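In the two assemblies presented below, chain A is common to both, partnered first by chain B and then by chain C.
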Partner chain A sequence: MTRLVDTLKTPIIVALALIFLLLIVGEMLSPGFASPTQIMRLLIVAALLGIVAAGQNLVILGGREGIDLSVGGVVSLSAIIAGNLMNGQDAGIPLAILGCVATGALIGLINGVGVTLMRIPPLVMTLGMLGVLQGLLVVIRQGIPSGRAAPGLSQFVTQPFLLGLPGIIWLWVLIGLFLAFLLSRTVYGHRIYAIGSNEQAARMAGVPVAAIRISLFALSGVFAAIAGICLIGYSGSSFANVGEQYMLPSIIAVVFGGTSLAGGKGGYTGTMAGAMMLTVLQGILTTVNIDESGRQMIFGATLLLLMLFYGRGKAMRA
Partner chain B sequence: MMVDAVATPPRRPGGIKRFIEAYPFLPALIIMLVLLALNGIWQPRSVSLVGITGLIKTYMALMLLAVAQTYVVYAGDIDLSAGAIVSLVNVVIVAVMASLGDSGVSVLAAMAIGLGAGLACGIVNGIVVAAFRLQAIVATFATSIFFTGLALWVMPVAGTPAPATFWRTYGGRILDVPFVFWAAALLAVILYLLARTRHALQLLAVGDDAQGAYQSGLPVTAIRIRGYAMCGVFAALAAFCITGDTASGDPLVGGKMTLYSIAAVVLGGTALAGGYGTVVGSVFGALIIGLINSLVYFVGTPSEWQNLVQGLAILVALVAGILIGRRARA
Partner chain C sequence: MAKLKISGVSKAYGATVALSRGDLELQAGEVHVLIGSNGSGKSTLCKIVAGSVRPDKGEVLLDGKPVTMSGPRASKALGIGIFYQELSLAARRTVEENICLPDLPMKGPFVDRKTLSERAARYIALFDGVTGEGFSPDATVDILRADQRQLVEIMKTLASEASILIFDEPTSALDRAQVDRFFQILTRLKQEGRAIVFISHRMDEIFSIGDQVTVLRDGATIGTSRIADTNAQEIVRMMVGEEPAIAAQAQTSSAASGPVALRLANLSGAGFSDIGFEVRQGEILGLGGLHGQGQSSVLRALFGAGAVTSGDVSLEGASYRPHDPRAAIRAGLAYVSGDRGRDGVIQGRPILENVTPIHFLRNRLRLASPASLKRKATPAVEALKTKFASFAHPIGSLSGGNQQKIVIARWLIDRPKVLLLDDPTKGIDLSAKADLFALVRTLAAEGMAIVLYSSEDAELLSNSDRILVFNGGRITRELTGAERTRFNLYEAAYEAA
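Entry: the complex of A and B
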């Protein structure tokens, strides 16, 4: 019985229950909110956030105050690069994927090198990188049209592909399975938890701490880049700073998924639930007929309320 | 003799090292002076009285917000809502002045209400983070959304002008000295007095070792709430300056300032982990950001490249500051 209660209290169960609850609330506030087409639309939006949060999740798991504030910049940059490389042609898709993933990996690599070899705190390094990326966006946009998504890509993101679900949702599921396998069944995954929970002990045990942490930041860049490509497929064309909306929500999705910001504890399955929960909440607020100010106040207050369910710190004890 | 050959005298830290350890803002001061000199070389007028007045007038708000952020960072916390508080106080005082009319009394009443609003926001943050024990990064992001909503409720669209009394005073002179210099001098006195109170020391003690501070009898939760409260008040002061500079209300004016305030704190030599730093350094950090921005302009960078060069320069300054500071303390 206690085990059952413990299972029910795991963040992922709480998150799934809250998603269900939010869907009911949404359906009551505006009938049709929980219809299959609406839920699929929410899933697409959640997948975009969830893919960004995958990288964020890995960096946070790796510990030492791991955080990646540059993901928003990478998403924007990747969307623009992908748009320009494809320019509306399906033939350009492979090149766009290659170019974006390489860019994301390079940016993440630089972050990782700064954090490990130069021992810059992750928050500072990725904050500085965000500034650089925002500048880069301005340079790339000059004169050049910001590019268009290829029809094939748009179809992948928005049209049913298999069992009525679009390709991006299958991609998200694949990423989820891949990360679940990586984190629980591979040496690499176990080493991530090891450096996240006790870096000193991991180093003594022969874990190549620096290499792993650099790879985590690189992966974060890659996931953000993939999200950027999908984002331009979703919106058709890219506009300035489309990625900014993912920076802090990606962290919140991770926290709602039960991963501790201190590192070494958590996983990606919960984060997927967290991303869905955030998206459903935002979906409700956009369908309800209130003005922007009320929407933001309710959103902020609800986030605080939900946080009370998760990862509260321990009380001080003498 | 044998013993002498083996026993080396205890290594005394070098003079410069000890100096930087005692004054963590020194690297920032040096970087700032170098940038000031470079500005002067490329544009001699930028280091004239008019040029410096303009620089301070524009970056006074960021200086104050960096100070605000520092008090929170002292205790090992962070405030991602600082910019949203600036926005909220900006629209609140503009709305109050718009309804009370253009007079000295109206300005003073608006400022009192603005300070109260900033303080209230700070206390909310403090309670949420310290009393409810939520993670500072995500919790203050949530409150920033709430504060932005409040600001939008007070003033849905930007553009309500501030009364002339307000911005004429901010941009004007008193006894032939620009008002912003008086404000800077007053800020210096306030910061000096605050540094001598136990508040700053207690925040640093909590940031250095919260458990130790608790065990030695410090009211850790109350101290952290007080740090956020001080942050809210200084964010309100920053909002006054931005209102004086832009002469209007804008519910989103402060949003972009949050991350710059954190960058300024780091540039100033304060450790984000808490327990080590100075507010003076953060003021220098804010000026470094301002001087980098103006230098990039003065050297004739093409306009579309300016943001990139600024971003790169700030990243380099952040990294250099941390490396120098660490070497000095190692």
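Entry: the complex of A and C
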């Protein structure tokens, strides 16, 4: 019971209150902003961000300055791979999922090995990986067509499936439940918090620190890959660097949701609220005609502000 | 008239009294040795003289005039220089910069490099021929060996040219030739009329360099004698004080005769060499001696958290190679560190999660069901009389003693074969200590083999069936039965290794 109260505490309540407030502001600025169909659209976009942020969340929880800057690159790459493997055919969906998830896992695995066994700081490792993936995207794009989403996938992402909500939102809810269970009711989850909170103590208590950290990066790659598949379902076809827009917001969503960048503290429920809040904010910015560069500036400033408010208790390098 | 006279100074940190009555009379032109066991108040006394700790009570007279040390700068101005046990060097700066760091020669707003090199060279020259390979004025301190760094620290202290020099264990890392040279320098300084305070744990050094010796015990000055009028036995006797009756201490000795649980043969590694001993089931083996003589290093290495270079270990007759805590836990070892903040507590997480990690590993669990874990953890936590309101509360809500109990409780759900206790009661309250040792004895009575290192000699003497005294990374004496006295422990700990 206390744990339930704890998880509901401040950051999530703050996020939910802000979402509500932003919806009212949006509705005032542009009537129809908070209409059911519009909210549904916002939820789909939030789910895409939320799925990327799930992996980001796990990596950050694992501590030792864990962060995954390569998620955007994985989303883009996954969207291209999915598009080409499906090529507009429903029959290609299983292969697309398999190919994308394997690619994401492999990229995450390399990140994890670099961070643990080769002791490269996560920031540097994943930034380097992002550079590699961006180069790879340019090469691929010159050779093969970007492909098209299968109708089944587009339907899954955009059309109502159950209780009027599309499949992707149910997928997001499932991921939320899965992570809540993983973090609070499994040994693996407890170990994630342990290495994030006190790596040395965790090692002395027999936690396989390196293996767990590698697996967190691999999971981050998998979640980004899933988001990439869903993204091509949403947009129909992949275009250059579609995933780029996810790097910064995925971190903001995690921090906004109350997860400490120092690791070992937080959870995914807050991150889901953070993703919704950011999506609504993005919607408002679009409505008032602030372009992509303006949005980037606002997002960057938001992250810095959040660090000021939430980061004060514990220094990030502690 | 005494150069420096300290009378009746005291210092308490909260409820802990570090120094209850410190007296010291230091004459110009003498080397005055301070000696006392761990926690007797030597370092606090030195810090008061150096101005880094302000006394609660008492008087300090310098050349007969009362002075208040309002900080390190003030005592420096009064002509007091101190060598710190915990080295105070800037790692990325050069040897010569470090030597001159407390008083950099300036030319306008810039450091005067030429004067700096010249001044440093004078002090480096004092140790000509014993500084060893790789030592040069422009080498950065971080590439130097431990003994070389200690030399730099000594040079830095000498460069203060203070009339009162305090050396807090300056020779711990030095080799014979370096110590000899240092003593020659001290003798010359003495002849120049400087007053020198010298702290060392080596009887041979004390007798070769000292003029006077002041003994401290339990935070109070016991007495001062001329070195020429005393001997090592008498000094140890002053350090020990009234020896409690042996019968009271020997009560635990049940002469454990179970099978051998842990056997080490010629084990060497970082900080210890050629260690060999056996612990039987039901036995509490104590590791004694001064702090940092390899006791901790051996325990950590056994648990796979420190380096082993050679030697053999067997656990209940089966060969065991320590390399990783995970493997150690699976093999049946348990390790409790005195540094619970670093090695034990998973801060910010619920109490329950701090009790369960070993249980997860030993049983290869995948799921963590709170209800069943609480059932398992309850007896473990109750065995230590841990006070807490709910398993769901964060561990940080507990007192230090109760946090350590939780850390120990994690080893009690699935019992280990051998329990390694590495100064487990450091910084915890008396009642928690009592609960802990009551449990340790129960565990031993139930057949667990226990290896205990404690920096508190009383704790070690009253809880060990047998004591191995460590000195310089080796076992130098074994105390069994009625030999387990404070006198014997100190004598073995303070003799030259």
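Everything that follows uses one rule, which is that the second predicted complex is superposed on the first by the 279 of 318 C-alpha atoms of A that agree within 3 Å, B and C clash if a C-alpha of one lies under 4 Å from a C-alpha of the other, contacts with A are read in each partner's own complex, and residues count from 1 in each chain.
By definition in this document, a contact is a pair of C-beta atoms (placed from the backbone, for glycine too) under 8 Å apart; a residue touches a chain by one contact, two chains touch by 3 or more.
In this text the structure is predicted, and so the values were computed from the model without any measurement.
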Chosen between chain B and chain C, the partner touching more chain A residues is B
Q. Looking at the overlay, what does A:Val187 touch: chain B (first), chain C (second), both, or neither?
A. second
Looking at the overlay, what does A:Met129 touch: chain B (first), chain C (second), both, or neither? first
I'd like to know which partner A:Gly300 touches here: chain B for first, chain C for second, both or neither.
first
Given the touch rule stated above, what does A:Lys265 touch, chain B (first), chain C (second), both, or neither?
-> second
Chain A residues where the chain B and chain C footprints coincide none
Contacts from chain A onto chain B in the complex sit at residues 65, 67, 69, 114, 118-121, 123-125, 127-136, 138-139, 141-142, 248, 251-252, 255, 261, 291-301, 303-304, 307-308, 311-318
Touching chain A in the complex, chain B uses residues 80, 128, 132-135, 137-139, 141-153, 156, 210-211, 214-215, 220-221, 259, 262-263, 266, 272-273, 304-312, 314-315, 318-319, 322-323, 326
Per the touch rule, the chain A residues reaching chain C in their complex are 2-3, 184-191, 193-194, 197-198, 200-208, 264-265
Given the complex, residues on chain C that touch chain A span 303, 305, 325-326, 329-330, 335, 337, 342-350, 353, 356-358, 360-361, 365-370, 390, 392-393, 410
